[in-house]
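Multiple structures follow.
Shared chain: chain A. Partners: chain B in the first complex, chain C in the second.
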Partner chain A sequence: MAIEQYVVNGLLVGALFAAVAVGFALIWGVVDIINLAHGEMVMLGGFVSYWSVDLLTGTNSASLLLALATVPIAVAVIYVVGYAMQRTLVSRVTDEDMFLTLLVTFGLSIMLQQLAIRAWSADPRTVNVMFETTSLNVAGLVIPKMKLIAFVGAIVLTAALWAFLKLTRRGRAIRAVAQNPEAAQLVGIDVEHTRATTFGLSAAIAGGAGAFITMILNVQAQMGLIYTLKSFVIVVFGGIGSVPGALIGGLLLGAIEETTAGVWSSKWTLAVSFTILILLLVVKPSGLFGPAVEGDE
Partner chain B sequence: MAPDSNRRQFLKWTGASTIGITGLAGCAGNDGGGGGGGGGSDTTTTSSDTGDDSDSDSDSGGSGTQTITLGGSMSLSGENADLGKLYKDAYELTIQKINDAGGVEAGDGNTYELEMILRDDETDASKSKGIYQELIDREGVDYLLGPYSSTVTLPASAVAAQNKKPMVEGGGASPEIFAQGNEWIFGLLPTANKYALSAVDMAMAQDPAPKKAALLAEDDTFSQSTANGVRSKIESTSGLSLAVDETFPTSTSDLSTNLGKVRDNDADILILAAHQKHAIIMAKQLESQQVNVDMAMATVGSLNDSFKDEAGANGDYVYGPSSWAINADFEDAVFGSTSKFAEEMQAKYDYQPDYHSAAGATVIQTFVNAFEQVDELTPTKVRDAIRDIQFNSAYGEIQFDSKGIINKNMLLYQWQPEPGKQIVWPENVQQSAPIYPMPAWSER
Partner chain C sequence: MSTTNDTGADIVDGILDAAASVYRFFEGRGLQTLAVFTIVSAIIPLTNPSGFEMTVITELFLFGVLALSWDLIGGQTGYPSFGNMAFFGIGAYTTAILVKSFGIAFPLAFVVAAALAVAFAAFIGIIVLRLRGGYFAIATLGVLLASQQITRNLDVTGGASGIILLQTPTAQEFYYLFLAILVLEAIVVMYLAQTRFGLVLNAIRDDEGKATAMGYNTTYYKTAAWMLAALFTGVAGGAWSLFNTFVDPITAYNTAWNVEIIAMALLGGSGTVVGPILGAFGLHGLIRMVIDTYFTGWQLVVLGAVVITTVIAMPKGIVGTIEEHASAMEYYKHGGQAAADSSDADVADPGDGTVDDSGGDSP
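Let's look at the complex of A and B:
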């Protein structure tokens, strides 16, 4: 198989990793919290999509339009979950020691996993999107149609978030809180509401990505951890707080992992990803696109 | 958006986060299960006194109702919670049936009720190990029910050996478990290296026989043992070569690149040594990656109804192995027969039992048979009785070899569009001939 095929495989799945990581980067940058329950937002978004299809069709098969219609549902539902999480629990530890916030969000992730198992069992679930033919052949490359649509969807979600942050009043408020919460409060910004909105947006984009992941792969109650870990790697790749950085980081990670799997073996993918992470931390700790920090080489 | 920082602060923060996140991930277990402290949930079937200290050779519970306590850990949450539930249900129903029928008439002349303490190991091997040690030390349990999965069973079986307590398990199939010289472990599943052999035999009996095989294996203990069995089998099969041999991490969620290798190497048969999550992904991505093989089989999880429900039409023609056939009617001292066992499981839990369930029920029955054989209830005597045991259960004929492994070969099933899941190999028990080769995707 040509190396171009590996890169294409990696980019297609990397865009979804990127969309998940963008949300992770947003909370890290604005609320100053590493949300270890972020992967569970992906899982919940996946289940919202799955159960929406199940409710409407009585099966797990859906037309493309119906499947895509579940994405905004997942985004909306998981936004509410994220907002409520910040307001009721995370806000209590926002300004506390970092390890306390890690513990709280880790506890949340375990709680959500266990609730999901109780509610929906540990069985993997998937949404089967019906196509006449499931893939395209472009210049000798096999491109699954649903993956291509998910790729575009992930880019759209990421771009929408970026535009929201840049162009809207609420987006400017979020950036203001990220830069200086005290000053933001002085000019009349409701910091707690803004942080909760940020948490909601972060969860929502992860939930939207989860809906796409359910269509191309599957969803399972314990799937969240690997998405949290990948988000962490991507954010350090791209630069903390940088939306374009997280996007490029996700695409890069996907391409590197699939090329490693193709050229060498899948068993080397995690080793290669984390080796690059460590090297990057040593050589350029602010990430590829993060704001320069003192001492960067 | 990043706060002001200098390099040292940044490195400290990110480094601490890395350690924290990695450590917490470690707590969560590499099987993706839950983590955190606590002993997890604790399921106790029947109430009674527990035994006394671990050195005790008697398991009677005092002057009241005499009980024998069976104890173990199980994947009631975590990566394998779906399969762990099958064992828990089978254990509970079997114990309930035995107790309702008057209990166990042991060889020492007493009648005992059975009690079970089953704790959630969250699909975490180290947690499971701790649970077994605690059951022995604090609860005085002398007879151990094995956990699920080879990764968890291997260290758990070492605890059984160190404490000289017999463990009967229906959820660990790696040959490694039985290669430690451990005299206290008995396994009811054919070892993992046998799982895919009947599929290779079936394919080689077809005309034309396959020339190239592809093997995709998850990197857990069980799947690697399965893969080793496949490699040895292919090596000893003339005319068949291993064109693709890939190992992937459990956390891998996308098999596209590996399936692309299967396609580009023109493999005739594909064996996926992995669990249900990957079996579903394989079924989905075989089509989207345009992989047309004559046979595709997944070693675990491909025969459950939930696999077919999720994979839909893409699950058609996929093969899977089982150590048990629901329609092969064996006599069973507790349930009456295999079919009655299946009926009672269906009635109580609303699902059709598979081989995990049948093996789980037989774990309990193995102990019961041993208790009936011994003139004194001690772990050593019960272990010796299990070594020589021979009886029939809903699961089939039960007898162990010198390593403690059941003497049993795997059957091969195939999902066929009509009439559904069928035994296709070996020929002497087949319900339908295999549909081989699988139709190409363009012809479906």
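Let's look at the complex of A and C:
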């Protein structure tokens, strides 16, 4: 296959990485939490989609309409999961040291992952969306229809979140809490509720992306950590709080991974991603699109 | 502190009072305590324990080493590493390859393994120790996962299927080996805690900027602590590979153990010597004796729950909480003045000032 093909494949998947990462960056920017259980929201979203299809059809095959209908379900369910997580557990350490929030969310990550294994085994599962012809041919490049739809879906999810933050009253409250929680409280914003809402939104977009990932790749109980780290790579690349940065970062990461897999071998993709992560942190921890880091030696 | 009515709080207070008395008895008797511990541990194999008991106790020593090593960098220096198991894996694989493919005797293989782990730590340390807080944690997690992936993909390491080792020492030799590593490390950490070196590490934890401003080359100190942690973790990994008779990427770079050792250090009380060891014995004992038997397959769920509960309910750990209580008692005994200053100073506090969450800026 030509290299352009790998790049196109990567860009299509990369938009989903970007959507997941935007959620990760949102919670980091607003509540100042690095949520190590973020990848588990992707996993749970994927399972919501899978089990919805399973419940309605008795198989893992679905028409496009049905498959797409599971996305809002995943978004809604995972929103509730995220809201509850912040309200019951994470809020207890929100104002403490960041290390403690890392540990709490890592603990949650292990628990969710292991409970998922107990409940649904460690087998990968996929929602098989039925098409008459599965892919388009554009200028010599093969574009799978489902990947194209997932790409558009990821962009829609990201745009919807962005619009929510920019245009609604609740979105303004979230941005106010991000800037200064105490001042936000003074003007009458319920900070705890706003933070939990943010957590819910962050989880919801990951859950929605997870539903699409189940349709184009698969869902597996232990997939979470990898998505958390990918999000971290993307956010570090794009800068915290920068939606365009995350989008570019996601597309780029997808392209790099697919090209590595195609040109070299798929077993090296993770090693390459993690190495990029370490290098990025060292070279520019505030992100290529973020503010300059002060106080360098 | 009275127990006139038996409410829950009074019971907790009573337990804390008793624990504080025990704590004060042992305070300042570190070496004697360690000597008694060593003698008792050395006698246990002579009492004909079962093979299972020997294995479990050996594992307790192993986790003691790992938790104490983590605490050196995570608790004493305030750099919350999520990647210590990378050193363990490197130690394990180096030993396994040297013993299996090159037929080198295992004591020599340990030395090489430890040297490699330390060299790796020095190299990685230069890169990641510039980061703080969350950035440092994630970078070290990235180091661990990258090491795991690279090991899985190489031929010399046997790929995903790993290496099987057959010629290994007896269970008793392993028992004494791990005990020796643990005791040696405990002595080293205890000694360092009294020296300028240990104090500078704590200063870095509390406020790295100030430590630098006072003229200390913090890079030197934290890199040294990081390499020391790697030394003991690497040796433990090397010994473990033979003990386990098998290494593969999943078990040698065990991400579950990676969190387990942090949980042990925190549960026991990070920033102390006895805390991480107690935490390791307690948590691993619980896992092996209770959970493996009665809740097979739920180990990691319980581990996650323990991590969350510890962080939320007792961020100072058992030893830290008791220490705090002991100094509070001292304070009340002296009519609410004085005394507090002397004991306040050594209250281990893993929370405050361990990390700077403002970003990855290096001072």
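By our rule, the second predicted complex is superposed on the first by the 264 of 297 C-alpha atoms of A that agree within 3 Å, B and C clash if a C-alpha of one lies under 4 Å from a C-alpha of the other, contacts with A are read in each partner's own complex, and residues count from 1 in each chain.
Assume a residue touches a chain if its C-beta (ideal position, glycine included) is under 8 Å from a C-beta of that chain, and two chains touch if they have at least 3 such contacts.
Remember, it's a predicted structure, so these values are computed and weren't measured experimentally.
J.: Touching A:G29, do we find chain B (first), chain C (second), both, or neither?
T.: The first partner, chain B, only.
J.: Going by the contact rule stated at the top, is it chain B or chain C that touches a larger number of residues on chain A?
T.: Touching more of chain A: B.
J.: Quick check for you: in the superposed arrangement, does A:T70 touch first (chain B), second (chain C), both or neither?
T.: A:T70 sits against neither chain B nor chain C.
J.: Could you say whether A:V142 touches chain B, chain C, both of them, or neither, answering first, second, both or neither?
T.: first
J.: For A:T275, select first, second, both or neither according to whether it touches chain B, chain C, the two together, or no partner.
T.: second
J.: Quick one: classify A:P124 as touching chain B (first), chain C (second), both or neither.
T.: First partner only, chain B.
J.: In the overlay, answer first, second, both or neither for which of chain B and chain C A:T158 touches.
T.: neither
J.: State whether A:T198 touches chain B only (first), chain C only (second), both chains, or neither.
T.: Neither partner.
J.: What is the contact status of A:T94 with respect to chain B (first) and chain C (second): first, second, both, or neither?
T.: neither
J.: Once the shared chain is lined up, is A:L217 touching chain B (first), chain C (second), both, or neither of them?
T.: first
J.: Considering only the contact definition stated at the top, list the common interface residues of chain A for chain B and chain C.
T.: On chain A, the overlap between the chain B and chain C contacts is residues 32, 34, 98-99, 102, 106-107, 110, 113-114, 225, 229, 232, 265, 267, 270, 277, 281, 285-286, 293-296.
J.: Report the residues of chain B in contact with chain A in the complex, numbered from low to high.
T.: Spelled out, the residues of chain B in touch with chain A are 1-3, 5-8, 10-11, 13-18, 20-21, 24-25, 27-28, 32-36, 77-82, 85, 219, 246-249, 251-254, 256-258, 260-261, 263-264, 276-277, 280-281, 284-285, 287-290, 306, 309-312, 314.
J.: In the complex of these two chains, what residues of chain A are touching chain C?
T.: Residues of chain A touching chain C: 32, 34, 89, 92-93, 96-100, 102-104, 106-111, 113-115, 118, 225, 229, 232, 265, 267-268, 270-271, 274-275, 277-278, 281-282, 285-286, 293-297.
J.: So in the complex, which bits of chain C are touching chain A?
T.: Touching chain A: residues 80, 82, 127-128, 130-131, 133-135, 137-139, 141-143, 145-146, 149-150, 152-153, 255-256, 259, 262-263, 266, 297-298, 300-301, 303-308, 311-312, 315, 351-352, 354-355, 357, 359-363 of chain C.
J.: Flag every residue of chain A that touches chain B in the complex, lowest number first.
T.: Touching chain B: residues 1, 5-6, 9, 13, 29-30, 32, 34, 36, 59-61, 98-99, 102, 106-107, 110, 113-114, 117, 121-126, 128, 134-135, 142, 144-147, 175, 178-179, 213, 216-218, 220-223, 225-226, 228-229, 232, 236, 239-242, 258, 261-262, 265-267, 269-270, 277, 281, 285-286, 290-291, 293-296 of chain A.
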